[in-house]
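Letters A, B, C and D mark the chains in the order given here, with residues in each chain numbered from 1 onward.
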């Protein structure tokens, strides 16, 4: 098997983005279809940047499932471990509403979705060992059997020296009980090498204890993590290393169309730069640049930038 | 309360119809949003023809639910008994695929949908007694508590002399066990005054016994039904009366875009004509004309014709 | 196939009756095991009286299921259509508490019980046609697929001229929603030839409208029933005929140990007498006598009396 | 709050033990009621030996729930955190069948049982910090929300220096999917200070990899455990220390009535001895002696021995 730079694991979904914007969704009459879902977006984003990427997921055995797999294929992502659900479960949907750049909301269809039925039987342990890094998404922890698939995949990764990246990707839907969120997210965070998330997501991870960034990272550095990135929206982001360094990254200002997709494009740019052995400081720039490009465009996946677009933006804004 | 000509009871949903047609859905990138669902379409269709119509349903407390209720309101349907689900259940969705006029298919999202949670507590018995007729949809029988809501509504209607119209509207989704279909559909068919459906739907009703039209109606005429309409697609339809009459109606030939919506527009035209005391023969013409207009257009609800469009088509094709 | 006098359909369960009585169950340390469940008790009771009886039920594939079937076999009941659940579902349990003859209560284990998974596939229609009468129990209507099995069995019986006896047998457990009770019990009551129940059970059947006995029977006599028996505990019972007769039966006074089993033994005695073409007046006596014998003994099934015990008691109390 | 030696967490159930033995359960007609469930038995066993013990559990709001709590109270166990289920869930039941000392089996009622609905809200973190040790049972991991209650309790214990004892207590029932067993049991085993189980239970813990005792303990000693006891039935047991010691304990031969309760009485004797600072060698003797006494008697809880009974047996068998 070819060596992969990255495998992402979790949901791949379909986004229906409003064509007519700056209005409530009730008044939006036409929608354009894109691939969505955080780990799918990161797979597409990093593949577009030139990494060798695969994804482990489960989608519906219908036209929406076909669309997702076809798109991922064409984006250059290895879809060998995209399993088709055989119990009639559906691919998740997200309808976006863009009232203004500041007022964006989403309407999700996540009942009985195929991705949360990803199971340990859906992939081979060997596949994970072919990768440099495994990225798992917090949402995949929200229900069984997907939850156990994450635990198993992370266990395999750790036993074989595959770097584990945990993208907190917290979505309130589909978690059944409050206490499950922090219990399972924290178990995986403690096992990960790199943890990425917004300040709000770290709050969920910690059971809403109201910790500061310093307290958050101190707790996690007692366990496996070596690098932790906490994002603060327009205020930029902070990367912390186990050795005690703290590196700040700022957000690039662009024409914002909507806020969706910022996190996934940040992760894509950041991971790409780390794989290319850039400094953490530079990786934060790649992440921020990728995010600022995506939020100015209509989709979260199709809009993923190329390396030259990212580097051009960084140059322009620093020049 | 104003006297209503008709109350329909059952699902109201959202259709996403492919804008780019004559291709598989995988290659369709944009969709237009319409109200859908058989009893919603009939409510819209008959309201557009000038009847005084209300609907009893349950939709989501989100943008899709708002859209449905707003649209029904503007179409002149009384939406007083459109209840909002408070448990996070969603409005059902239907994506249409139009490969060719002969090859149309749909992809439905019906897991945990609000309409199947319509309950006896969602409407007042008095509301039903304000109507001349109550139309119930077979799909509303597929699960509890919607199933019991239908039984209760039909019981109220019968006790108060409100005519019961049963539109078989069979959809394979959401029925949990094979035997439930014919047991509950047959219970309601026996209690109805008028039964409408395709030959295939009568087969489901009868537990796939392979009956002829004559056998089907003979069995039902032992119970409450007075008028039964069995539709045979392009071959036209047959109306049977308890008194032993059989009246044939033919289908009008038009430029067919897709087959969706034919049944609901037929029911709308047919019911309108019956309320206007046309003959059964004429009512079949109104039904067929309405159907032939809707299948030539993009939607199932927005495309519902006016009286003059129907009468023009009948005149033209007979002239 | 031999002609059967009676087939009962519904649950067969295991009773654990307190050995040490006149105390709360918490202080009862030993229990004796019996077969229980209303239609099983009636099958045992009528078989013991000499009728030719079969039962349709589903029990667990374990020692409790074996015990039930062995016991029924030895009691002379045809157990050909006792199906074994293959999904690990259990036989229902009832623990009895006898604080005093007036204060009896029960603790039931009815979660996921095998009997409520009786399905239309578990029996052959032909079997029902071999019987003179089919007795169905209200509890079997409380959940699917057992509910549909009752509808189907009653439909088969009616199509083949088999008399349908509906023993209301209302138990609050296992009914999921309030409205289901009266909707489904009333559908079956309307189809039955004979309806038996306590005044409280008729209230449930009618949706707690507070009807009098006269109102209750007037409503049902508009449909299939020909004979209705309403029991009023120690005040005796009343039988009503479609022709307008009302016959009162009194309760026999005996040494009461507990109240369990009174209804099932009444039904056994009453049905036996009707099959033997006794008068309704006499049938009420046979029912009351059987009940008074069972409430003076420890179990509801094992305690079922013989014909001579019943006739002896009637003679003694009248003499 | 008083300092407790031990808190056990998990199920408390009711056992119905066959009075007539050496026969299949089908032929057993009377049963005697006892408290049961592994962590309840250990709480009773250690309390009887003189330890200061509490238990965290959830039982039914009925007579069986009352019986359990009353019995535990009288046995001297602190029942402050025995919560009553308010959703109608039942206390689990176990019926025992004793065909011969070698052929014992059980029939469990575990559908929708209260103990698996123990939640993090049912106990205060402070209560756990009052104890020297917390014993959690593997069965409590089989379903949510009890699973999360275990994770949370273990997390609290570890943060406050409370020793965690993990009694594997594997029961095939109630686990929904194969992969869940080893994933969650292993997570807790890695966090525990002491792990106790049979060789078969270690196999389940490890995902049936067929490891030897040496391989099993080597893996776990990479994590938190300091002491691991693997039981081999009549062949005795082996205790392993993180420091590399292995101490063998032998089983005492007694008149065996049944095999139930051996594990819980072993744990009770072993934990008691460790708390009394006996050597590991002696603790294994106390465990084996307690087990050999319980298997010669009728129950698993009531039969728990006193210190003098244990010490007498040890002396006799060595003397």
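Convention: contacts are C-beta pairs under 8 Å (C-beta built on N, C-alpha and C of every residue); 3 or more make two chains touch, one makes a residue touch a chain.
Computed from a predicted model, the values in this text were never measured in an experiment.
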Result of counting contacting C-beta pairs for B-C and C-D, higher pair: C-D
Distance-maximising chain from chain A - centres being C-alpha averages: C
Chain centre separation (chain A, chain C; CA means) in Å: 60
Intercentroid distance (Cα basis), chain C paired with chain B, Å: 42
Per-residue overlap in chain C, given as positions that touch at least 2 other chains: none
Arrangement of touching chains [line / ring / star / complete / other]: ring
Chain B partner contacts - residues on chain C that touch it in the complex: 119-120, 144-145, 148, 151-152, 155, 176-177, 179-180, 183, 187
Chain C contact footprint on chain D (complex, rising order): 16, 19, 24-26, 28-33, 62-64, 66-67, 70, 90, 93, 95, 97, 107, 109, 111-112
